Amino acid sequence: MHIRVVVPVLYSDELVEKAREEYTKAARPDTELSFVSILNGTQTIESQFDMALAQPETIRAIVEAESDDIDACIVACFGDPGAAGAKEMVSIPVVGEGEAALHFAHLLGYSYTIITVEETSIPIMKNMARFCGLSERLSSVRAVPFGVMDFSLACVDDVVRQSLAAVKDDGADVIVMGCTGTGVDMAAVAESRLEMELGVRVPVVDPVKAAISLAQGLVATGLTHSKKAYPTPVRARPEYEYHSAPAPD
Amino acid sequence: MHIRVVVPVLYSDELVEKAREEYTKAARPDTELSFVSILNGTQTIESQFDMALAQPETIRAIVEAESDDIDACIVACFGDPGAAGAKEMVSIPVVGEGEAALHFAHLLGYSYTIITVEETSIPIMKNMARFCGLSERLSSVRAVPFGVMDFSLACVDDVVRQSLAAVKDDGADVIVMGCTGTGVDMAAVAESRLEMELGVRVPVVDPVKAAISLAQGLVATGLTHSKKAYPTPVRARPEYEYHSAPAPD
Amino acid sequence: MHIRVVVPVLYSDELVEKAREEYTKAARPDTELSFVSILNGTQTIESQFDMALAQPETIRAIVEAESDDIDACIVACFGDPGAAGAKEMVSIPVVGEGEAALHFAHLLGYSYTIITVEETSIPIMKNMARFCGLSERLSSVRAVPFGVMDFSLACVDDVVRQSLAAVKDDGADVIVMGCTGTGVDMAAVAESRLEMELGVRVPVVDPVKAAISLAQGLVATGLTHSKKAYPTPVRARPEYEYHSAPAPD
Amino acid sequence: MHIRVVVPVLYSDELVEKAREEYTKAARPDTELSFVSILNGTQTIESQFDMALAQPETIRAIVEAESDDIDACIVACFGDPGAAGAKEMVSIPVVGEGEAALHFAHLLGYSYTIITVEETSIPIMKNMARFCGLSERLSSVRAVPFGVMDFSLACVDDVVRQSLAAVKDDGADVIVMGCTGTGVDMAAVAESRLEMELGVRVPVVDPVKAAISLAQGLVATGLTHSKKAYPTPVRARPEYEYHSAPAPD
Amino acid sequence: MHIRVVVPVLYSDELVEKAREEYTKAARPDTELSFVSILNGTQTIESQFDMALAQPETIRAIVEAESDDIDACIVACFGDPGAAGAKEMVSIPVVGEGEAALHFAHLLGYSYTIITVEETSIPIMKNMARFCGLSERLSSVRAVPFGVMDFSLACVDDVVRQSLAAVKDDGADVIVMGCTGTGVDMAAVAESRLEMELGVRVPVVDPVKAAISLAQGLVATGLTHSKKAYPTPVRARPEYEYHSAPAPD
Amino acid sequence: MHIRVVVPVLYSDELVEKAREEYTKAARPDTELSFVSILNGTQTIESQFDMALAQPETIRAIVEAESDDIDACIVACFGDPGAAGAKEMVSIPVVGEGEAALHFAHLLGYSYTIITVEETSIPIMKNMARFCGLSERLSSVRAVPFGVMDFSLACVDDVVRQSLAAVKDDGADVIVMGCTGTGVDMAAVAESRLEMELGVRVPVVDPVKAAISLAQGLVATGLTHSKKAYPTPVRARPEYEYHSAPAPD
């Protein structure tokens, strides 16, 4: 099966390389992967404004993927920009990193906390949980004081500190990494650090692993989103022009 | 006070004229109004796809309004495309027709029904109520079998029929018109028809009246959205270019 | 338009004067205002008991307002005593300060906190939010240690302290003043103090401004409460006698 | 133990006699019962207006009961007028027929329907369930076309018809009688009629039995309402005068 | 009336004696009580695993009680293991200590906290509240650091400390003892300690008193669970063998 | 990877064969599968009573699987009997067919309906959705009039009829098969029949495919349930004896 990962930000070698690295490690060896970013958008996604700008090109990239006979698409951003609109335009599964991560978190315990970057993202994360219908088990959203571009393994101490506070003060029993793109397995590092501190395993959900797992599962089972929930728009729109940025091989 | 109405669809004389007519009738005589539509988008908004396409230009139009010293903006579409992203970018009040109409409906009874055009819009309407935090009193969404472009006073029989069914079968006590742009006061006509049929007054909320009333109220009271809820995006984005379509005078 | 403000406490020159001052400043210049208090009730409203006592006379005052051809009534108390019963008896809009303030708070952010006077009022405030169907975004209710009669601009430090705690500890992004009647613009003072402390604007909703704005908006749009939600009581009750206290001019 | 039943309507021999009959049959033989009605109110309670009028005198009757060393009070009306305010003023248990009936209904199944008199009471019943925090299992409220004064055993066919519809169409598995005061055991008759029709027992909760059972249980266990939830009002109110109507022996 | 208390753990003289002591003090003098424990299960119930093991024998004991013409059964454990399955198999009322305690807590205030033993029980308690449909008023679950077997009057300091924290930090106005079996009236001791500390009465609900009160009330009113909610299983199961442990007289 | 499917009913060649057939078709070719049923339980699971009986042996089978170095377990029944207790006892992923199916349904649309066998199962299904925290999007549960043992491809007409009613009358956009064990791909047949009738694809989720997909995904990503949510029971229980029925090869 062939899965296309749409990185919904302006093309940069660095970001696409990190996505490729993370997804390649997480995917099954027989899953073919391809990557695109977008030509019109922003460099990172940290606000509802950024998400709004990213949507048209992200949808276009997913429409193109379907006409390329790709089996499923992943939107490689926790906020899932464009996922709902794209589901209307295509029949192949479209998986957002955010909704995938929240489903795994919801499944693995009774109360999850999202660790995000920068306080300003907190409302977006809460909206995500509400929009996915999964806020019943959301205990809190906590931020580490870094921007998306500065988020790296060096931030793991802050991630662990906020995760411990989530478990102790907010009653969380599962942690969700609300940001990806570091190229390293931050979630696994944080999970083992947490287990050492707490004496019990508290899962740390990595959106990349959640998304690829769900995308592979949907393709394998032949399931895809409802066309009653995401109806195909009625009118053709030849007047609209799209541009997207294919990642170099 | 000067309020700008952003019609988040591709410019057409007809649509802007209808909006101008409706808003002029609904606004206070001392409220100055101006109208813009957008250069890049779709001709009507009937899907999440359409909303995604409309967002970048709608936001741009609102940013421009603030730099023109406009006092408040209205997004003239029930789905409020771009409203959340725009609130991040500006400090002036931004009122969506949908959220305004739902607040009035919520206030005037215990259980409201939205009458929308075409069945395919039903999920969008339910999401609106959920996103606005006002779904607790939503009893149902019902569709009349017309597209946005065909929606006119001739459809009032269908609107009344669905409204009566909402009251009798779904327990609704308030009706919300989920579509505007007919240029006539459909809500008032439907309300008096309903009162004749039911023997009691069931309010029919007109999104145009709700939006202009709320926008005027916010400007008058000096209230505007929270910058904690809608934080200004941290990074400048000089690389991004906007184009919008000013409506001819 | 003529709006009558019903102050649902025993008449005192001082309280009516403060209400007159606050409402006159908040209303449009062309809105005519009149004020009444009640003859049978309590001196302040700080409990469910006080609210129960205030209801019959408040309703009577609103019924009288309608027969005086007044356009809308405001119940000048956060607990909205008598508003539901009055809506059954009249057709003109009846706006409670509490429900008006909560609607504005709900609209301006994702999570609001009510600042009230005395801890004992906290359950009443939570019930208000629940009764209005707006508790989904209520993050907390916090009290300042003053009674209604001692609540004045001198309390602003406590209001700011509790508001900051609400933002930092409870995740609030909007503040609602849960008490009025100080005669000064406490909300505006608190809002600017908060902005200095936090560096971003967190709106502080003043129930007086919210109520007058909503009442004016309902009269202008011709909307009023549903008679399906608030049915006119079926039996006449000639045996029941009311008395109310008109405020001296 | 001595329990006082407050009938929150204007005194009539007939209504008090019916209450006495119903409560005497439902109470334990060693429970002493006394009955009062009120001097200022309405003849029946069928609206929020009626409830508002009944509250001051009902509270006064409960305060008087406590000073008479009564062990607990029951408010003999499904809408529980005055119960919340009275709980603030006294320490003895105060049980409303409505909240008692809803607790039993909630306990005995997963989904209950309230059968009330006249359609206009439907919003009041829904508010009751919400106010009691028990709306999660409320499936519907259905009305039979009679006023409170005409509600008698002759209405049982309509009660059964609406109950069957509740079970079949609304998914109800428990029925609550939303009106009492017929002097006969309407609930028991309806329950056996329902069992004959459905082939399985669907409990029909009688508010009188629920209220007396709960009141007796609270007295026996020494439990009463929280003074943190219902704080004693802080200021004395010597200026306020009450009058109530003791039922003749 | 005769009520049977099923202690859903392996028989031990000590546990059954404590249950007998607590229930005898709480029951009416004319209520006959009998006690059984189970032959196949665990020594205490502190996990979902323990509850799973206890269920078959608990159900069997309740089925046996009905064939012994017992009037009602109580499951003497906060987690109510087997109660739902037993309700399907019998027509007599089955009352769990947990659901009884939560109903009383829900009734007496607006916000309750459960005090349980050991942190590991916290998820079970939250599930109980959710399963009973009573989580809307659950403010928190707090643990004291003791196992069920070590829980005695000596732990009352910890219970009071956690209860005070619940009132002050979590907004609780009612406390529920999440563990019984100490043989002493821990709830009453804690309630008077709390009143001394807080200056107002915060009820502390004892599950034993709640359960016996509710069981007596159901028998007296003739109410029992819905057979629509708990349908009798369709197929006979002669192949299944039960064993239970009758408590020695 | 090796996944063990626990069929939580008394061993029968027929049922185990059907499970083997269904799971083998749904699993990846490189997934090793083994099957066990239980020695002490019932022949089918159609009630809360049946689920209670199945739990001890199901948990034992899962504990045994972990000590056999199996990678994950599936509970092959929509009610997931024993899954919660088993998660406390083991560290390997435990996936119930019900929770897996509900997660896929929740993901693929906004509103799902469960089609179950026999009306008496309806409360169990609603409880499942509530217990999994996924009831926000549950629109209805509908039954087809067959027992588990009679459920076969011959029932597909009834399944389609109820599914169409769910879409048209209840607003469903996704269907979940609430029963498995037919040995044929009922979901796929129903999905294509539905698409022919409705003209749009409404996904029909097959619990077997959902469960195997999720189990494979959890093993691949290294994620498993939280030990904070499902703590290992503290005391050893050597006194407890288990017996289970290995399926013949």
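Lettered A, B, C, D, E and F in written order, each chain numbered from 1.
Please note the rule applied: a residue touches a chain if its C-beta (ideal position, glycine included) is under 8 Å from a C-beta of that chain, and two chains touch if they have at least 3 such contacts.
None of these values were measured; they are calculated from a predicted model.
Novice: Minimal path length between chain C and chain E through chains that touch?
Specialist: Step count on the best path from chain C to chain E: 1.
Novice: Tell me, please, which chain's centre (mean of its C-alpha atoms) is farthest from the centre of chain A?
Specialist: Relative to chain A, the chain with the farthest C-alpha centre is D.
Novice: Can you check how far apart chain A and chain C are, centre to centre, with Cα atoms defining each centre and the answer in Å?
Specialist: 44
Novice: Quick check: how many Å separate the C-alpha centres of chain A and chain D?
Specialist: Each chain's C-alpha centroid was found; their separation is 53 Å.
Novice: Distance-wise, how many Å sit between the C-alpha centres of chain E and chain F, to the nearest whole number?
Specialist: Whole-Å distance between the two chain centres: 30.
Novice: Could you check chain A for residues that touch two or more other chains and list them?
Specialist: In chain A, residues 110, 123, 127, 173, 229-231 touch at least two other chains, as defined above.
Novice: Taking chains as nodes and touches as edges, what kind of graph is this: line, ring, star, complete or other?
Specialist: other
Novice: For this structure, enumerate the chain pairs that meet the touch criterion.
Specialist: A-B, A-C, A-E, A-F, B-C, B-D, B-F, C-D, C-E, D-E, D-F, E-F
Novice: Can you list the residues on chain A that touch chain C in the complex?
Specialist: Residues 122-123, 126-127 of chain A touch chain C in their complex.
Novice: In the complex formed with chain B, which residues of chain A make contact?
Specialist: 10, 40, 42-44, 46-53, 55-56, 59, 82, 84-89, 118-120, 123, 127, 130-131, 147, 229-231, 233-235, 237, 239-240
Novice: So in the complex, which bits of chain B are touching chain D?
Specialist: 110, 171, 173
Novice: So in the complex, which bits of chain A are touching chain F?
Specialist: Residues of chain A touching chain F: 26, 28, 91, 99, 103-104, 106-111, 133-134, 136-137, 167, 172-174, 188, 198, 200-203, 205-206, 209-210, 213-214, 216-218, 220-231.
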